[in-house]
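Here chain A shows up in two complexes: once beside chain B, once beside chain C.
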Partner chain A sequence: MFSRLSLKTRNALIGLLLVSPAVLLFAVFVYRPLIHTGILSFYDWNMVSPTKTFIGWENYVEMLESSTLFKALANTGSYATWLIGLIILLPILATAGMTYIGKRTRKVYRVTLFSPTVVSLGIASVMWLWVFNPIGGLLGTIFTKVGLEPLNWLSAPQTALIAIIIIVGWKAFGYNLLLIVAGLGGISTEIIDACKVDGAEGVKLWIYVVLPLLSPTIFFIFISTLSMSTEYVFTPVHVLTGGGPVNATTNIVFEIWRQAFRWFRVGYSSAIAISVFVVFLILMIIQMLLSEKVVSYDER
Partner chain B sequence: MRKSLVLFLVIAMVGIAFPALAEDVVTIEYWHINSATLGAKAVEESIARFEELNPHIKVIGRFQEGDYGGLLNNLQTAIAAGNPPAVAQVGYNFRLFAFEQLPHKPIADFAAIDPEYDDFINSFIDGIVELGQDADGLQRAIPLAISVPVLYYNADLFRAAGLDPDNPPQTWDDLRAAAKAIKDNTGEFGLGIQVQPNNNWLLQSMIESNGGWILDPTGAIGVNSPEVIEVFEMWQAMAIEDGSLPVVTDAEQEQAFMGGRLGMYLKTSAAMKTIANQAGFELRTGQFPAWGDKERRLASGGNALFIFATDEKQQQAGYEFIKFLSSKEGQTIWVEDTGYLPLVKGVQDDPKYLATYFAENPLTKAALDQLPSAVAWLPFPGPRGLEAEQVLVEAREAILNGADVAKELANAENRLNRILR
Partner chain C sequence: MRGEYDVGEWGLRSSKLTRTLWHILLVILSVIALVPVIWMFSTSLKPPQEIFGGGLNFIPKQPTTQHFTRLWENYNIIKIMYNTLVVALSQTFMQLVISILAGYGFAKYKFPLREPLFYLCVATMFIPIQVIMVSNYLMISDWGMVNTFTAVVLPQMANAFGIFLMRQHLRVFPESLLEAARIDGAGEMRVVLQIVFPAIKSTIVALAILFFINNWNQYVWPSLVLTSPESMTLPIWLRQFMHAEGGSDWGMLMAASSLGVIPALLAYVLAHRQIMNTFASTGLKG
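Here is the complex of A and B:
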């Protein structure tokens, strides 16, 4: 029967067959939970009771009136801004700096800067607890030695957010550094030599030639840092501050988790999750449209 | 072909029958929060001894991280997935939530089939078994652990500060003065108070000992009263004015105390074994301070055991296990490796059980002496009860960072009204 179909149809069927495992995985693990969450967002439920109460748009209305949620949103923005600055700009500068050092020292730097990436976030958080402890911790002792008052990093609203950013930045720095170094390796030396012949040197070379050629890598790092900043901060926040003090370190992902799994408000949490999904969807579409104009690939 | 088929069928039938010929071993899961530093050994010993006495039951202990809150998280998921543990520890502050929202097998159901049920219930010290009963008096769970807040202090730092370690502070005014003395004379912090990111256990003792209420016995919200304001003002003054109380997370406080950088630490008696093992100085314990001459009221920490299994055999096995843990022998194993207090009669003074242990461990005296002052750990009622805890946690965080006490407590009252109504 199969042999009686035209070549075109046969190829189409084979194509469908090969794609189906991926589609199935997506359907089961991504789309089905998504739809289920959407449905749950209209209910009031604690996940264990056999009865679910339908409450329509109430969860969404409550969301818009919640000051805690606005703080979480503001924090999410702060995390993203700081982290984009820290782990995109700094690795670029570091890589630029490393081109002026000898090969062996460069390797040492790369290993040292990359090593935090292999430590798990949970372990890293506990380690940093010792660094941040104002009573006898590393930073506390240094501050006292130079005559400054040690900071209550994790318990003061002003510094807690920064402490979490430092932990996540410290961990993710090496990963982005490696990506940029790899991206640099993908730039053909002929282009660089040609530009050098035309007179581009040092900083000018970097700004007008290297960075534009690196733009696919930078674009990728930008997107991944954006999503990383919402997810990665969860572990240190969960282990060290519990979202506090006074909601200084909570972010949207932590709120979703907290509402559902700490306080058993599955419906409300689903409403927040769906709203976040919609917002990110819109952001993604904008990024896609922009990338046509901002990113330059070698083919042009 | 026929011969091999017959042979195959015979082997298959024997293979199927074989497990049925074996002894019927029931395997149950026991969920607990006892980490290596807080009673894991006691759990292992209890399980081993229980299995010795009950060879047809196998118990698998599963540690849940994140304290009682973390265990409750995982419990929720397990129940939703249809795979609950047979027995689990539920913190007393979550007991109302568990009574009303989590499907479980009430202990009272076993009264009909266990001839020893009445003796079992009567074996507990007065007032304890009620912790496992709901508002109608139905016995749903069995209390396992009781702890009270005690004052741990560093005798070496006391002497260095010019204080007498044999006379620890008895009132909050004395405590404040002692903390200040330690800070002024030794440079180290004077007092730490146990805090948690998601509950108000120690705060409740501070408030109720001053005659105030978070929720009074009628259920009215009492956080905006002069007694509660006084408690927070004292706390804030020690942190900000005196500088004798560090504003840090509990983990950092504990690190500091065990490292000899904190003079006194108000914490649960359950941590006694851990602190005693790690303190590199002369450790002493004293009673929780009183407000002037007002009577102390100390929220008892700990947990009660619930049966969550839906299978009858597992429920029965779980009940047997709970009975063992509450027996004199079970309580002895439990108390010796933690800092929890015995809940059943006849164990404390009996040399066959715990009399020698208490005689040889003077650190336990403070907790034991305070047991008569123990009151129930307050759970917030209703479906949003768990969220209500957060309100006071945030008020405390704001106040310790300098916010106006009266304003914060008025705000807390409003938020609690909204959440609990």
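Here is the complex of A and C:
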């Protein structure tokens, strides 16, 4: 059908045709809702009423003054801190250990540690709820056996957040571990051999040679973890706690859902969503800029 | 691409003590990774009195399939599994087709706005679904599509990661092979199907497995658009069942959870090498 056109025009048309499904879908289901959410954030609307009231920046002002949102923000900070430790630093440590271990055993560890990654986070939440259960649950039974009072993890504000973090850590640990394994595998043996000749071994080798060489991987892990973090802090909270007890597990991502689908405050929810998007964008840009400055690339 | 992802063979020396300490750390982590899943399977096969009996036995003393039978008879679990499978398969198929087409277009054709369009596609990776889900829900609901499979699949058919991966792979695809086929008079469709497709088959298979596991497991978006039990996928149904009536029926909850975990775990056991390679090769080579 394009045979009468010049080769260049013909190729351009075929190219556009090939990418058009993807481009159109993203336009309709990602960029349209992004703009729509931006517009909605200036309105007061309960999702069902036919009229929306324009209220300017009021949703954003309310957000800044809301104690629930402050709590959500503080919780988000706790989630982030714990998860950086559990699913970024701990996998680095575990992978470091793997380099000192024989090939076969190493493979068993790797396959085992990665396996939780393929379990649905929604199902993992229910599975862990049973592990946490004070009566008959695994942890409850162990606690009773050693003479401790079994904890009711998810009903107490002090422990609910920790419980959610354990669930996410369990699910996400293996994925980052594998990325680090791949990153370490990319470091050439010659460099390590040269260091050994120079007498750098043990902690020194790791801090001065391996970690700097690993920095592209570590930056990649920060970015990919950040992009998956919204699901990490949403799903277990949605499945298990609904944000409670007394807002102990809520976070800014979950508040988007809660304000819209629990309290039917679409405008307010949209304002939170846009704020999350802006913060997300800033964090991404900072990471990209940092990775250009700090990361050292060896020539491979 | 290397055959298998592994840390380098560095021949690092360490004392017996430090090696033992590393083993202890890795064994503890492995136990944490496996035990909850084993505990789930084990509970699903225990009769109620044994579940609450306070024992730590992982092998049921009187194994029973009563929870699975009840799920089947009273809750139509087959339909739930069928929903999950149909959604996961169709979503995987559409994601693959669109990723290959767009990846091929971006890699091998020159057209106006190619770079900006590509970056707009890839940038969607960094727009969290929670930011846009309320607006998308409103639209799907306006279209009267709530509780349909289309509602789940349609907004998620284009996948930034898939497009990116395909483009990276096809960019290095030798132009001469394509030209030779075109000179022989092959149409574009035939070039794609007979030359490009077979050459990148292993990447496509790996991507398909990855998509399938993610789609089988997906939670956030289906939880909004699937609200009637007949249309629900397993993770969504599980939450609904837990909050509605099964709150403390752990035998039933763990039986249903097991059914949700088994297909993904099976895929992993059968193709763990390929899956780990796909996961690990995400963007590091870009």
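Here, the second predicted complex is superposed on the first by the 266 of 300 C-alpha atoms of A that agree within 3 Å, B and C clash if a C-alpha of one lies under 4 Å from a C-alpha of the other, contacts with A are read in each partner's own complex, and residues count from 1 in each chain.
Simple rule for what comes next: a residue touches a chain if its C-beta (ideal position, glycine included) is under 8 Å from a C-beta of that chain, and two chains touch if they have at least 3 such contacts.
Not measured: the values here are computed from a predicted model.
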| item | value |
| --- | --- |
| Fit or clash between chain C and chain B when superposed on chain A | clash |
| Chain B versus chain C as contact partner of A:136, first or second or both or neither | both |
| Chain touching more of chain A, residue-wise (chain B, chain C) | C |
| Touched partner set for A:246, first chain B, second chain C, both or neither | first |
| Partner chain(s) touched by A:123 [first = chain B, second = chain C, both, neither] | second |
| Touched partner set for A:49, first chain B, second chain C, both or neither | first |
| Which of chain B and chain C A:200 touches, first, second, both or neither | neither |
| Contacts of A:152 with chain B and chain C, given as first, second, both or neither | first |
| Partner chain(s) touched by A:261 [first = chain B, second = chain C, both, neither] | both |
| Segment of chain B intruding into chain C (one of 76-84, 112-120, 220-228 or 364-372) | 76-84 |
| Those residues of chain A which chain B touches in one complex and chain C touches in the other | 47, 129-130, 133, 135-136, 261 |
| Chain A contact footprint on chain B (complex, rising order) | 69, 73, 76-77, 79-80, 97, 101-103, 189, 197-198, 246-249, 251-252, 255-256, 259, 261-262, 383-384, 386-387, 390, 393-394, 397-398, 400-401 |
| Residue ranges of chain A in contact with chain C within the complex | 8, 11-19, 21-23, 25-26, 29-34, 36-37, 40, 47, 90, 93-95, 97-101, 103, 105-107, 109-124, 126-131, 133, 135-136, 138, 141-142, 144-145, 170, 173-175, 178-179, 181-189, 192, 201-202, 205, 216-217, 220, 224, 227, 230-231, 234-235, 238-239, 253, 256-257, 260-261, 266, 269-270, 273-274, 276-277, 280-281, 284 |
| Chain C - residues contacting chain A, complex | 2, 5-10, 12-14, 18-19, 22-23, 25-26, 29-30, 32-37, 39-40, 43, 51-56, 98-99, 101-102, 104-106, 108-112, 114, 117, 120-121, 124-136, 138-139, 154-158, 160, 163, 188, 213, 216-220, 223-224, 234-236, 238-239, 242, 250, 253-254, 257, 260-261, 264-265, 267-268, 272, 275-276, 279-284 |
| Residues on chain A engaged by chain B in the complex (per definition of touch) | 46-49, 129-130, 132-137, 152, 154-157, 240-247, 261-265 |
